[in-house]
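First chain A sits with chain B, and in the next complex the same chain sits with chain C.
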Partner chain A sequence: MKKSKLRNAEELFFRGVMILSSSVIGFVLVLILWSIVKRGFPALSWEMITQTPKGGFYFGKEGGIANAIVGSLYVASGATLLAMIIGIPVSLYMNVNLHKRKKLVTAIRFLLDVMWGIPSIVYGAFGFTIMIFFGMHSSLLAGILTITLFILPIMIRSIDEVLLSVPKGLMEASYSLGSTESETSYKVFLKQCISGVTTAVLLSFGRAIGDAASVLFTTGYTDHMPTSLMQPTATLPLAIFFQMSSPIAEVKERAYASALILTFIILLISIIARIISIRYQKHKIKI
Partner chain B sequence: MDVFHLRRLLRNKFHTIWMVVALVFSMTLPVLLAIGLYYKSSGLLMEQSLLSIIFSKDWRPLSGHFGLFPFIISSLWVTVLALIIAGPICLFSAIHLTQYAKSYVLKVMHPIIDILAGIPSVIFGVWGVVVIVPFVSQHIAPLFGKQTSGYTIMSGGIVLAVMIIPFILNILIEVFKSIPEELTEVTLSLGATRWMVVKHILMRKAFPGIVSAFGLGLSRAFGETIAVLMVVGNVTQIPRGALQPGYPLPALIANNYGEMLSIPMYDSALMLAAFILLIIVIIFNFISRMVIHRMIKIM
Partner chain C sequence: MSGNSKIIIKDVNLHFGKQHVLKNVTATIPEKQITVILGPSGCGKTTLLKTMNRLTDLYPNVKIKGSIYIGDDDVLNTKKDITEIRRHMGLLSQRPYPLPMNIFNNVAYGLRISGRKSKKYLKPRVQHYLQMANLWEEVKDRLTDPASSLSIGQQQRLCLARGLSVDPDIILADEPTSALDPLSSEVIENKFIELKSQYTIVMVTHSLQQARRIADYVIFMYLGEIIEQGPADEFFNNTKQELTKKYIKGLFN
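Coming up: the complex of A and B.
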């Protein structure tokens, strides 16, 4: 009897530890969001979002971070677009053309998973080397190219994960009607998974907009609105980073407000992605 | 052959060629990264041997001394500390979510994990500066009878731990899910408690998967830059405890990109640091992914 009591006590104890662990994770997320909102909200103003930095901006005078917001949107949109042009065909090829070469596809998947783990600072350093090699200066274009490389494995792998769910019968049906491989890919597979693919693309966009280490080397930083691909561009994560390292209280306040803006954008993207993936689930053909 | 048919075939050909080009490009990316970084760092490697750079404590860029040892040690401190904090939490939480939790708990936890995974590094950095740094300085350091500003290895470790939690947790959940339910059910029917099943069956079966999930978390933490840079203090020294400031490798690269072109060989040294980072992360990832792929495939 004694033994079973001990067992039950052990069971109870570890169950408590487990629930505690899960709660800690939830608590930390709430704590992060709460501390960003609490600090950022008072400093937030319309001026922050709509104006570029003015003369005394870095001493706490007037101006905003509109240039960084626009710059970040440019960088992330450009990179996401390029990564889509490369990434969607790759994942389609893996799932349609190569569907019989199981071993090869497994190897590709494996390599992509390994690439997913390469830190963004390495991509940044690489982008920088390429820039120097071609004699380019830090610019919007360099940033877009670097971020493209960074999100490419992420995008391919997440779209691939979505395409995996397509029933095999659909491919056979499409072939038996006489369609070519590319028609099967784009008109059947892509259409079937369009909600999942959109979610994957949006998540890559979120990755692209939030990354600081790779744009640090490649896009540079300015106080102007970006007007050309060859000009340096400010980005939101770097704006936060630079303002955060200022000793002046007003500038730090703005860093919190900028952090709130970035967090808001990221949350918005993830909510939209979630809605899309739930809403369009019902249009799928099920076999 | 009519024109319509021909056009379809041509279009198919074109798409296939583009797909293959894109695939080959994506697959050669890591090799390109390695070659590019090695090419840039070869300038320094011609003058000094790799081992002497890695094990030298002497960091004086102005006189051409580029010892990376303090930075590598700092990186190890921060990463291991992060894993020590995040590891048990992830393990217990993953067991909870896969073995015990009701479905509504999963419904709540999934978005939490996803959102946590999507928060940008720099936001974690701001949070670290606002919450963790004062906490370390006011509450943790006095426990050990020490005084610090809070910008320490400890702060870096805590922030990193939070950042890698969603990452490790997701993999652990996959690993535990891959273990057949019959195994646990059989043991339960013999009168074992849930925890006994976990301890004797699940942990033993999942052990390689758990280790490699931790390995992946470790390599993720190793490369994290901005958040760590913001809280870790950035003092060039070999840290002797968690309550001292450190200067990890990625922070070194990110912090000095501005001046690296004005000092000879400086850019070479930083690119070498990036190259070392790349190689370490790839090796870690390769081994861990290998184990996980095999586990989830076979079972």
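Coming up: the complex of A and C.
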């Protein structure tokens, strides 16, 4: 009797802790969104999305941040695409071809986790050193390459976690039909995990488009629309940073509007990715 | 009960790390009959089955010695491509694992990876194998539905159709009815009896009743060793080993 009372109290306590922590997270999220919308929405205008900064934009005059929006989309899409081309095969290789080499895969995972933890400014500095070495200037290309390095461990490990959930029986079924390792990888594993892979790619895209530190040295900043891989390119996080550090109130408000645009882009990409993943998820074999 | 032997297993020893799982296993499996590998859980019967199409390759720390002859090839030591050898054997596992694609593509998969990709070629064959597995009537209007939408009994028959589609001569089955309801189990058992005129079937089971119902040849294993083997009549009615007698009487699990 006493014991069950204690267990009930324990249950109640942990449920309370869970509810509390969930509400705190929810509250913080709402607070962030609310402050962005509240301060950013009034400053948002059509002009801001469609025009490049005119002279004196950073003193509160006319213009917009279209160049940063386009630049950010270029950088993030380019990097996500490159990271997919490298990351998907690597994570499949780890889980299918290296399936038996448990120790090796554990070591690779550890390395990737360490790389995941490295601050993005270090990737920025690394990218910068490489640029200097090759005599490159800060450019869209340098930014894309640096961001690719930065999101690769994130993408590989997220896909890896999803692939780990593939049941062994499915792997045996595939091999017993005479599949090779690459057929097992691309026709079975990838199909089974398509929704999880989409989420992993999306997570990487989010990190790519939102990071300021790694593009600071490598992509540079301009007031022009990006037209060449070899030219410096503006990005949204830096646009927010520059506007936010202005002493002029109007410009500061625009920083919030820029943040709102960035948040909206991420939201839009999330929704599209969800739709894609739901479409393909129906074939997933449930256990 | 005579006939040619299809699979000859000779002195197979298998270690999982330090664990000795198969001990000097020697057996012959007759062609175009149902051979049942019988024994309590953990006796190595599934491992023996998986050794035959080398699915044991997928496990770390496995050491195998000995030979398994299928035709002229020694599966364990062959230089031939293992994927080619596996194509001659269909596998049914304990619970069905359809591939993550629609019903049609599940059956077409094996044909596609062996290079036959035209829709014109695939369509009648997919139908043929689904009919062979008694599934066609139930799915003919929903071939593009995901395989996961089928019931578990239907999924197991889909896996059978998929296994047959690569045109094997051997069907390996690892307790194929253990996850199924009695009715679905019966369908699979009857199918096996029907199919044995064309295929050599090797089935692992721990169910004595099932073995009695469908076995032509029985291999009894205990703790990694083959205790007794022989044609089903002889095995059940003229049992030689004490251990086997005890098992048949149900004296241990």
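Here is the rule we go by: the second predicted complex is superposed on the first by the 245 of 287 C-alpha atoms of A that agree within 3 Å, B and C clash if a C-alpha of one lies under 4 Å from a C-alpha of the other, contacts with A are read in each partner's own complex, and residues count from 1 in each chain.
In this text, a contact is a pair of C-beta atoms (placed from the backbone, for glycine too) under 8 Å apart; a residue touches a chain by one contact, two chains touch by 3 or more.
These numbers come from a predicted model, not from an experiment.
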(request) Classify the contacts of A:79 with the two partner chains as first (chain B alone), second (chain C alone), both, or neither. (result) neither
(request) Check the residue A:172 against both partner chains and state whether it touches chain B (first), chain C (second), both, or neither. (result) second
(message) Between chain B and chain C, whom does A:156 touch in the aligned arrangement: first, second, both, or neither?
(response) first
(request) For A:131, select first, second, both or neither according to whether it touches chain B, chain C, the two together, or no partner. (result) neither
(request) Once the structures are superposed on A, label A:180 by its partner contacts, choosing first (chain B), second (chain C), both or neither. (result) both
(request) Identify which of chain B and chain C touches the larger number of residues of chain A. (result) B
(request) Have a look at where A:147 lands relative to chain B and chain C in the superposition and call it first, second, both or neither. (result) neither
(message) If we overlay the two complexes on their shared chain A, which of chain B and chain C does A:197 touch? Say first, second, both or neither.
(response) neither
(message) Show me the chain A residues, by the header's touch rule, that chain B contacts in one structure and chain C contacts in the other.
(response) 180, 183
(message) Can you tell me which positions in chain A touch chain B when the two form their complex?
(response) 7-8, 10-11, 14-15, 17-22, 24-26, 28-29, 31-32, 35-36, 39, 85-87, 89-90, 92-94, 97, 106, 108-115, 117-126, 128-130, 132-133, 149, 152-153, 156, 180-183, 185-186, 203, 206-207, 209-213, 216-217, 237, 240-241, 244-245, 255-256, 259, 262-263, 266-267, 269-270, 274
(message) For the complex, give me every residue of chain A touching chain C.
(response) 99-102, 167-180, 183, 187-188, 191-192, 282-286
(request) Show which residues of chain C lie in contact with chain A when the two form their complex. (result) 50, 53, 55, 57-60, 83-84, 86-87, 89-91, 93-95, 97-102, 109-110, 113-114, 146-148, 159, 162-163, 166, 172
(message) If we count contacts the way the header does, which residues on chain B are in touch with chain A in the complex?
(response) 8-9, 11-12, 14-16, 18-20, 22-23, 25-27, 29-30, 32-33, 36-37, 39-40, 88-93, 95-97, 100-101, 105, 108-109, 111-116, 118-127, 129-131, 162, 165-166, 169, 193-196, 198, 216, 219-220, 222-226, 230, 250, 253-254, 257, 267, 270-271, 274, 277-278, 281-282, 284-286, 289-290, 293, 297
